[in-house]
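Each in structure tokens, the structures are laid out below.
Both complexes below contain chain A, partnered by chain B and then by chain C.
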Partner chain A sequence: MMHVGDVTETLAAEVGLRSDEEIVRLRQIVRDHAIAQGFSLVDQTKFVTAASELARNTLQYGGGGDARLSKLTNGVRVGLRLRFVDRGPGIADIERALRDGFTSGGGLGLGLGGARRLCDEFEIQSEPGKGTVVSITKWKLR
Partner chain B sequence: MDTPKGAALIEILSRHRDALLTEWLDQHLSIALRRGLTTEAEMREQFRSFLNVFTDALQRSDILDANRPEWEPVRAFLAEMSAHRARQGYTPVETATFVFSLKQPLYVRLRTELDDDPAALSEVSWNVNLLLDSLGLFTTEVFQRSRESIIARQQEELLELSTPVVQLWEGILALPLIGTLDSARTQVVMESLLQKIVETGAGIAIIDITGVPTVDTLVAQHLLKTVAAARLMGADCIISGIRPQIAQTIVHLGVDLTNVTTKSTLADAFTVALQRTGSSVLTPSATA
Partner chain C sequence: MERIPILRMGNCLIVAIQVDMHDRLAIALQDDLTERIVKDKAKGVLIDISALDVVDSFIGRMISNTAAMATVLDAETVVVGMQPSVAITLVELGLTLSGVSTALNVEKGMALLQQRRR
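Up next is the complex of A and B:
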């Protein structure tokens, strides 16, 4: 358990991301926890979809990595935070990667920007040659 | 080539049989039991049977070469065991360890036995080493083949289950998608729809995504590509079964479906399709 400001963070699950099957598994785990936290159907779907986008980026561009899901409480709010870590090539130009339509892999180029729009908080850190960390958070009033 | 005889080996195998069995088993059991894949009794039985066929082969031909016909029963035994383990969920390494873990207890015995003849010791040891290596690698090969055939079979089953293109009406096809749309499966499903369009000459295809739990950019891209390909073949697609939460998510993702006809239910999509093909279903009130 960790306290930052008034936020209490408790690790709920860790999932390796090295295959399509593991992405499916992550989505199921995230959905289960979103339901347990009392997220509405729309918020469940948004958070699971954002998770799916980032998980696939981790696999496709980061060469695989890990996802850590934690439960948050902050006064009258509860939430979920999901952090993706890979040791892939990193992203040289984060602003460009976030731009709708930019893709280096023949996708739609909407995953990163879409994930940011689907969640309440979005953080990305990346260093070329070292890897990428993306974290998303979704809150719900108790 | 003058291959050294396995006489010393037969000697050891018959005299120290039980001790060998126990030492060998000890090394291996921890892996197998930890993974909860077998029982101790079952393993002991398996090891005992292996030592039997191994000793038999040695007695028929004391040349330590796993490729000779006398060693066929040993290979057959290992083949069956490896295939079985592939189904049980062992890893290839754990399977090969079955053979490799016999090395150490054997060496220990050989060293005591051939104490006074270092030349013979090193020669026999070397050949035992080669023999067990080739048998161990053989298990890996069989294991691999078994895994592949298991996977191929599962894939076929999945693909069959998941390509349910149905003809709803003259000129109207429907593809109800169910489950996770990842990887190869989506590709195959979409291709089967295009194939069916060619076969039936259908002018309209309804892709129903009611049963798809998550529509992310990858799924959206597959849908868009299929719609575009169908259009090139002269067929229009209607995407149905877009639930409210999915609609909202798609909008936030920024996926542009404005060029695609979408309907919330399959029934609505069917009505539109009938109108477009110039057919209509008369409702009871209309006939009255």
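Up next is the complex of A and C:
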């Protein structure tokens, strides 16, 4: 368990991302926890979709990695946080990578920007040559 | 490798996606459908996604590409049964599936295909 400010974060699941099938597995695990946290159907779908986009990035651009799902509470609200970690080549220009339509891999370029729009909080840290950490958070609407 | 089954009814091909597809499976379906359009001389393709609770940009792109390829092969594509929560998420994601015809359910989708072919 971890306390940052008034937010308590509890690790709920850890999923390796090394194949297409593991992206599907992550979607199912995230869906189950989103249901357990009481998310609405639309919010479940948004968070699972964002998870799917970022998991594919981790696999395609990061050369595989891990996803860590945590349950959040600040005493009043509950939420979920999902953190993607890879040790791939990193992203040189994050602002550019976040722009819709930018892709270095032949995709649609909606992954990062799209995932950001589907969540409440979005953080990205990347260092060329060392890897990338992307974190998304969604709070349950009261 | 597992495959999504494609059914033929008259000159239409029908696909009901019932599983959470991984990316290779989605690509295999796209390839199978284009092959079957030619082999069966199909004029319409109906894709039922009512069982999908997530459509991300990859699956969205597969659907758009399939529709575009079908058009080039002189067939029409209709996507039916999209869940409302999936529709909301797709639009927010930035994917509008432009160029893809949609209908609320299989019955309306088949009617649409038949009416266009008359």
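The definition used in the following text is that the second predicted complex is superposed on the first by the 140 of 142 C-alpha atoms of A that agree within 3 Å, B and C clash if a C-alpha of one lies under 4 Å from a C-alpha of the other, contacts with A are read in each partner's own complex, and residues count from 1 in each chain.
One rule holds for everything that comes next: a contact is a pair of C-beta atoms (placed from the backbone, for glycine too) under 8 Å apart; a residue touches a chain by one contact, two chains touch by 3 or more.
As the structure is a computational prediction, the values presented were derived from the model and not from experiment.
Colleague: Can A:V24 be said to touch chain B (first), chain C (second), both, or neither?
Modeller: both
Colleague: Where on chain A do chain B and chain C both make contact?
Modeller: Residues 20, 23-24, 27, 31, 41-42, 44-46, 48-49, 52-53, 56, 100, 107-108, 110-111, 113-114, 117-118, which sit in both footprints.
Colleague: Within the complex, which stretch of chain A touches chain C?
Modeller: 20-21, 23-24, 27-28, 31, 41-42, 44-46, 48-49, 52-53, 56, 100, 107-108, 110-111, 113-114, 117-118
Colleague: Which bits of chain B are touching chain A when the two form their complex?
Modeller: 180, 182-183, 213-218, 220-221, 244-246, 248-249, 252-255
Colleague: Where on chain A is chain B touching in the complex?
Modeller: Where chain A meets chain B, its residues are 20, 23-24, 27, 31, 41-42, 44-46, 48-49, 52-53, 56, 100, 107-108, 110-111, 113-114, 117-118.
Colleague: Can you tell me which positions in chain C touch chain A when the two form their complex?
Modeller: It comes out as residues 20-25, 53-58, 60-61, 83-86, 88-89, 92-95.
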